[in-house]
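Shared between the two complexes below is chain A, which has chain B as its partner in the first and chain C in the second.
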Partner chain A sequence: MQYKKAGTEFKLVDAMLVIMMIVPIVLAILMKVLFIPVGEGIEITGAHVYTVLNMPVSDLPISEAQVNSLAVLISILFLCLYMTHGIRAHVYTKRAVLAEWAVEKIEGLVKENMGDYFMGFAPFIGAILLLSAFSSLSSLVGLFAPTSDLNVVAGWAILVFILITYYKLKCGPWYYIKGFMEPIPLMLPMNIIGEIATPVSMTLRHYGNILSGTVISILLASALQAASNLVFGNLPGILGSFPFFRVGIPAVLSIYFDLFSGCLQAFIFSMLTMLYVSTSFPMEEYMRRKSLKEKNN
Partner chain B sequence: MQSLDIISINIWQIVVSLLNLVILFFIVKKVLFEPVKKMIAEREAMAQSIITEANETLDQAKEQKTLYDTKIAAAHDEADAIIKKAVARADHRSDVIIENAQEKADGILRQAKIDAELEQKKAEEGIRREIVDLSSVLTKKMLKREINEADHREMIDEFLQDIGEIS
Partner chain C sequence: MLEIAIGIMLCGCALGAGIAMIAGIGPGIGEGNAVAKACEAIGRQPESKSAVTSTLIMGCALAETTGLYALVIALLLILLAPGRFVDVLMNAVG
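So, the complex of A and B:
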């Protein structure tokens, strides 16, 4: 087994990938710094809008959420490229082992929650996990977390809803409609509401959790500012206006609201996706029809 | 610079976000999952080839072992047969030798007996002659006269015959 030391070219490509991983995030930060004026006092608003594109039906505002999610997307693309760069059997680099571990973990999760039939979902679940987690974690570098914008999460939830409906329709439209009249036809409106509630609840859960973290962080920061002014306000010069309480304390809360909550919501969202999609698919009925069809042929 | 409300729904933003996720799905699939799975498959194939090779070698070793076992067993049999043959031949030869020796000994014994008998006869003859001579001398001296030696001899022989018959 020959082991070749990484060549200069390989290292150059590596460095390029790492730089390309960081550049979109840096650009997003730069855009925020350049175009968004520093707010005065407490303000809890949605994403800032850079520009508005004219589109049919309704205009498309290019907001922070859009820009940041695109930045995260590009960053993840180069992260994936970096992880699998030069991946080969019998060459064990740290990143290859990490990539393998991640892939096997996600596949194990999908297998456990969805079964063998849905193994094709593994990259999708991986994509949701990566996009959601990195979007939420982008607030760590001072960006507006795309996941605290309702529209971003709604897009994902609607995609999941489309998948759910697609798998429900696999046994034909009549079977799908009949599913709404169970256990009794009187339950039809309730079932329809329940069906629509799925993406709505998924959206609001994710979006609400991330946004509430941001809101609490802002409120806490301003409260600490006020407390600091109250206690140290009488000190002379710059000491009186320096917010001592805002040093350190918000960071502890940030561990929960940004780091933990962000990863947890990503996990919950992907978990719910797996469960909804796998339970929506009437496996037995589908297999029965399939075998019947095969018998007829 | 305006900013959106906390809750603002925009259909295009939703579509863009949805498409982002779809794009990321393909990215993750093509860039992360497929190379990793290819690598895993490659490694599995490698391990499989090593295992089959080891199994083949093991089978060969087993085959050779049985071959050598049979060969060794055959060699043992052969050795036994050779030893048996040698022992039989040695036995036979020793029998022959003993027989020969016996015969020789018998011959020697017989010869000795014959010799002894001959010697005895010779001795008897000698003794007889001596006795005859002695008695003739004695009688010559006693009678102090010349007598026919031939007659005497005849007479003494007769006498000795008698003695021989008695004894």
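So, the complex of A and C:
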């Protein structure tokens, strides 16, 4: 087998893709720097609202979280394009092997948790995993993490809820309604509450974990600032106002709250998506009806 | 009179936030139990470590949910509720 050296054109496209990967994040940081007024000291705030669009039913605020989540989305798109650029059978480049490994891992995960019938879900699960992980990790470059805003995560959870309901309706509406009356019709209200609790708990779990990390980091930063002022406050000039304690110490917490917790919550969100969707589908009943239909034909 | 009313309101918000976080006991006990059992299982069958660990992390994340509900309620009570309640009071007084 002969190896062809990468041509100029190939390298140019590569560079373009890498630049396009970084540009959305840089733009989001620029927007934050340019349009958000500097607050007094360290404070806990929600997502800053850039602008409000006038819509017929209700006004649509465009907040920091939405902009950042779109930036992360575009960045991931170009990351995927970069990883698969110049991919072809029987040619093993580093990035192609890495991309294949990632795809195989996700397909294995889906196969293990959902079974063969749901293999079409692999791209969706991979997308939600990557989006959630990168959104949480975007706080490392100084952006407002989109996952610490309730609305972004609620959007994903509602999407999952629609999927669950779609698969529950596969055996017809009557079977769906009957499912709520299990084991006795008296349990109807409880079952309806349980049905609604699924997206709510998924939302609050993801959002609460990331938000608690942010809040604890902010509290620690302000405490260290106060301690630093107390100890070094009497030094002359810039030495007196520089927060020495805030150098390095918050990074230790950041390893847990930003890196570990962010990736773990992404994994758990996609895992729960898989479990809820695959358990909501009445596989045996569906197969029985399908075979009956085929027999009648 | 108004100052006292606002004081009682803020006091109620702060106390409520503190009391809400009592819910942290539940996930603490639950996750502690889960980890203890996982340690036992790994001690008995060291070769099943990876499977036990992934299941443990899943279970811990699920058990954490109630604690996170309490956290969200506490944060709402500290950050959002005082302003909202004072607004309501001001509107009532006129």
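Basically, the second predicted complex is superposed on the first by the 297 of 297 C-alpha atoms of A that agree within 3 Å, B and C clash if a C-alpha of one lies under 4 Å from a C-alpha of the other, contacts with A are read in each partner's own complex, and residues count from 1 in each chain.
Convention: contacts are C-beta pairs under 8 Å (C-beta built on N, C-alpha and C of every residue); 3 or more make two chains touch, one makes a residue touch a chain.
Note that the coordinates shown come from a computational prediction; the quantities given were computed from them, not determined experimentally.
Peer 1: When the two structures are overlaid on chain A, which partner does A:Leu220 contact: first (chain B), second (chain C), both, or neither?
Peer 2: neither
Peer 1: Tell me the contact category for A:Ser63 with respect to chain B and chain C: first, second, both or neither.
Peer 2: first
Peer 1: Would you sort A:Met271 into first (chain B), second (chain C), both or neither based on which partner it touches?
Peer 2: The answer is second: A:Met271 touches chain C but not chain B.
Peer 1: In the superposed arrangement, which partner chain does A:Ile44 touch: chain B (first), chain C (second), both, or neither?
Peer 2: Both: A:Ile44 reaches chain B and chain C.
Peer 1: Could you tell me if A:Ile158 is touching chain B, chain C, both of them or neither one (first, second, both, neither)?
Peer 2: first
Peer 1: Pick one for A:Leu211: touches chain B only (first), chain C only (second), both, or neither.
Peer 2: A:Leu211: touches chain B and chain C.
Peer 1: After superposition on the shared chain, which partner residues are touched by A:Ser201: those of chain B (first), chain C (second), both, or neither?
Peer 2: second
Peer 1: Considering only touches as defined above, state whether A:Met16 meets chain B (first), chain C (second), both or neither.
Peer 2: Once the two structures are laid over each other on A, A:Met16 reaches no partner at all.
Peer 1: Intersection of chain A residues contacting chain B with those contacting chain C?
Peer 2: Common interface on chain A, chain B vs chain C: 44, 211.
Peer 1: Considering only the defined contacts, which chain A positions touch chain C in the complex?
Peer 2: Residues 44, 201, 204-205, 207-209, 211-212, 215, 264-265, 267-268, 271.
Peer 1: For the complex, give me every residue of chain A touching chain B.
Peer 2: Residue list for chain A touching chain B: 35-37, 44-50, 55, 57-61, 63, 65-66, 69-70, 73, 76-77, 80-81, 83-84, 87-90, 96, 99-100, 102-103, 122-124, 126-128, 130-131, 146, 149-156, 158-159, 211.
Peer 1: Using the touch definition from the top, list the residues of chain C that touch chain A in their complex.
Peer 2: Listed in rising order, the residues of chain C that touch chain A are 57-58, 61, 64-65, 68-69, 71-72, 75, 79.
Peer 1: Per the contact definition, I'd like the list of chain B residues that touch chain A in the complex.
Peer 2: It comes out as residues 1-25, 27-29, 31-33, 35-37, 39-40, 42-43, 46.
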